[in-house]
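Consider the two complexes below, in which chain A is the common component and chain B and chain C are the respective partners.
On to the complex of A and B.
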């Protein structure tokens, strides 16, 4: 187990990178704590897989260093790094039994038979395959094979870190719930440093203590799920976290008021004069429809998603989403929207601006 | 004007893929097939498309028996999870290819390509090659190819499964509009309850090669006919607990009970299984009728604005979805509250014995 340090780390796939645009990964400086559960979240092409490959040693970074604890592993190969990896698609030995597959990493390291048996039994129970330990992996369904891959990734207790690359892609939704909870329990029991790459926000938010949101080769925010939701550091985080994402609107900021399209909106705090393109952001969860005073909205469609409803609307000619609770009546005269003032975020050139008197 | 399956089944080497199924899909409807992997969604679509011939029963299109008719001779289009486009052709030529194969005139092809591209917001991208497009645009191109020939039946087999979460969200919001403009019968297979709800229309829930229920999507969601349907139309999975109806009370174990009034008054005395969804299990009493359950926390998952609370109550493992951030310690005991109007009652065979009162306005 180890703390992972990324020191002035950057990566370009080009031999002589010139500007920012030539870097798949822009310079970053991070310390990831020993025993932490981290998720790398972002859309495809954001650099999250490049970063994972650098940590695992598949890619050598063009700039900067990678440290496991105090040890510089930048030039070490994957095998020397003592890590376990689980990939998007199952990697199992078809001719081996489920038991042999799970025991493989332990046998390879010459662990004693009693320890192997106990450890394999524990992992098999976790992935729900105790009843199939003696059957060959060949002919199992894709999700059963992926469970074996997950189990094998977690069977060793002595690894520096476990890296997961979209591990639940081929798993059915119901099974995902179970496996995710089990991963979390395992993390708590063993205290491994875990790094989990995904484009699925639910997986990232529910798995990780800290979510690392990446956009265009940059870490735009590293925070708890609550921080990402309440105070997104960048408009991308506002958009990417939440379903639907944050509503963003151009606005002029003056003290504790925002002006948009000639309307005045109260903010929860005061702001110093904002330089650059200024926007306010409000999550659909913190907006409500009213027949009283508010900004004028045109309702387009109401989607019943069971536990709540998503209201698709237009605000000043721009798409705008609201969330209303299950069972709440939506009357025809509800043509205005109001925001919870303390839930409004202010952005300048896409980066969040802190209110005066706050950090 | 409809697609009709009459006792259509599909058996391969003695293995039942699709049990005898009766189903009528009306013109201009969106129909979701919801079920886990291997529940029969793809097999059923292949029967509808004519890619497979039913082992028994028949398939009718606008009243005509089309069982055994070649797929080429039907007005059917299918979109798969993998985006299938010709990489060497432009987006325009990709969309045009099904029309050209049908031997349409240049003017007809052009008209169809341009209107379909407009519907799918591909007009500015017509001269690009598929590999120069994002994943979402590639899948839109594949959708355009399916829609351009004016197919009467469009089958979409988990079309968004390979896309990024956010792209999926965007396309999902667009599909109902595209469907309305096309006027075709849409059949959309998914494993995700939320996707079914977002698409609306009708939903057929599938389990082990069988349609367990078919009806308007919100109705199947709120008034499931049996425990299997309720379970597969819930994410997180539905919570269950054994209970006994006796006189004017429903007993959930030794010391928790609720009055058996309203829709429950007519329920015969006996043993039932109570089912309720995660968002109805709460950390506090929302109504005067709520009953409390002593539980132990097994895990909490925080999504930023909400918390998934995994808890055990005796042998039952439940998930609650509560507002706000609640980082409760594992092993901690907690009282979880449930309003009985949110509870479905299933008989020992798993059939719905009494609906949740809130869902039927009772």
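On to the complex of A and C.
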């Protein structure tokens, strides 16, 4: 087990990268704590898998170093790094039985038979396949196969980290919950560093202590689910996290007021003058409809999603979402919206600006 | 379920039946006709029952031809299948050299059989052939026209040269269908090269290998043109395989009755062996799933 350090890491698939655009991963410097449960979150093609493959050693980074603890492993083979990885699609050895599949990584490392049997039994119980241990892996359903892959990833106790590359894509929704809970439980039991790649925010937010949001080859924010929700470091985090995402509006900032389209909005704190494109962002959860004073909105549609209702509206000709609590009456004269001032975030050129006197 | 029965649809199968009748059934039936009759020409037939079949089954000539044929097919399979797998495993997976190798491997397959025979016939000649003359200059006593072993070696090497590509290309296609993640997972599991082959590559190739083995068995069991051009079945009868013998009998000696009986049995043997082979392979496959 080890802390993973990415030092000035960058990667390009081209031999002679020229500009920023040639890099699949832009330069980054990060430390992943030993024993942490991390989720790498981002839309397709943002470099999540590249980053994961660099950590596992499948891809050698073109720039920078990867450190496990104090050991530089940049040039080490996957096998030497002692990590486990679970892939998006099930990888099982078809001609082996489930038992042999689970035992395979241990056998290759020459563990003794009694230990292997105990470990395999334990893992089989965890993934709920004790009754099928003697079956050939071929002919099992996709989710059973993926469970074997997960099991094979977790069977070794001494790994530095376990990496998951969207492992639950092929699994049934109800199984997803169960497996994710088991993974979480396992993480608590064994304390392995786990890195979980996904583009599903629910998966990321429920699995991880720390969520790493990637956008366009860059890590835009590394934080707890709460931090991502309350104080997104980048507008991408704002609208990617949350359902629906954050409302972003162009505004000019002056002290603790924001002006948009001639209207005046109070901010929770005061800000230094903002350079570049300035925007304010507010979560739909922190907006409320009112018949009193506020910004004028035109309601388009109300979607009842059970616990609350999502109101789709227009604000100054731009789509705007609000969340109204269940049971709240929406009257025809509620044509104004008000924001909770301390929940408004200010962005300059897409990056969050800290208020004066805070971090 | 009230389904209306309409057997008129069977008429739609008629065109196929007619075509198959002309292409396969009718020619085959003439052979059947010859096999149960004796004829001296003039379209005059004398009923001979199963006489020709009995003769042929008891015939030493057919036994030895069959023996040579089985040995030949066994050697061919034993060399070409492992060699084809080995070549496929070592072919580049992408880029210029992958295409280059594919074209190179496909070349022997594109050469007509009699041309292949002619190439090797000349290639192996001691007086003017590169191989034959080269071996002779090295002091090797090689002459495929007078030495039975040399003739066998020449024909086997020729067949390996001609057909290993087929096995290699089929295996290569099988290998290409293995997702990269399997190899990555194997590396993470610290699997040895042998384990990767045994547990990943071989199982994924089993489907195409079945086809490759079947094709190579059928083709080698029916081989005619190449040995006919190179050795003509000699020296003596040492390379007279079933089909060469059959042609000698039918066209050379005009023993149409025995030849017809022979060819029907020949056909049945190939059919039977292929069927047994296919059934065994697929049942093994299914048994593993259980």
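The rule is simple: the second predicted complex is superposed on the first by the 359 of 359 C-alpha atoms of A that agree within 3 Å, B and C clash if a C-alpha of one lies under 4 Å from a C-alpha of the other, contacts with A are read in each partner's own complex, and residues count from 1 in each chain.
The rule is simple: a contact is a pair of C-beta atoms (placed from the backbone, for glycine too) under 8 Å apart; a residue touches a chain by one contact, two chains touch by 3 or more.
Every value quoted in this text rests on a predicted model; they were computed, and no experiment measured them.
On the shared subunit chain A, the superposed partners chain B and chain C are arranged side by side without overlap. Applying the stated contact rule after C-alpha superposition, one finds that A:307 touches chain B and leaves chain C untouched.
Residue contacts after overlaying the shared chain place A:85 against chain C, while chain B stays out of touching range.
When the shared chain is aligned, chain B comes close enough to touch A:141, but chain C does not. When the shared chain is aligned, chain B comes close enough to touch A:205, but chain C does not.
Of the two partner chains, neither chain B nor chain C is touched by A:60.
Residue contacts after overlaying the shared chain place A:277 against neither chain B nor chain C.
Looking at the shared chain after the overlay, A:152 reaches chain C, while chain B stays out of its contact range. Of the two partners chain B and chain C, it is B that touches the larger number of chain A residues. Taking the two complexes aligned on chain A, the least Cα distance separating chain B from chain C is 5 Å.
For chain A in complex with chain B, the touching residues are 43-44, 141, 143, 172-174, 177, 180-181, 184-185, 188, 199-202, 205-207, 224-226, 228-230, 239-245, 283, 285, 303-307, 310, 312, 326-327.
Contact residues of chain C toward chain A in the complex are 179, 181-182, 184-185, 187-192, 195, 199-200, 202-204, 288-290. Only residues 56, 58, 77-79, 83-85, 87-89, 91, 93-96, 104-105, 108-109, 136, 138-139, 149, 152 of chain A touch chain C when the two sit together in their complex.
The touching residues of chain B, counted against chain A in their complex, run 36-38, 135, 164-167, 169, 173, 191-194, 197-198, 200, 217-218, 221, 232, 235-237, 277, 279, 298-299, 301-305, 308, 310, 319, 321, 325, 330, 358.
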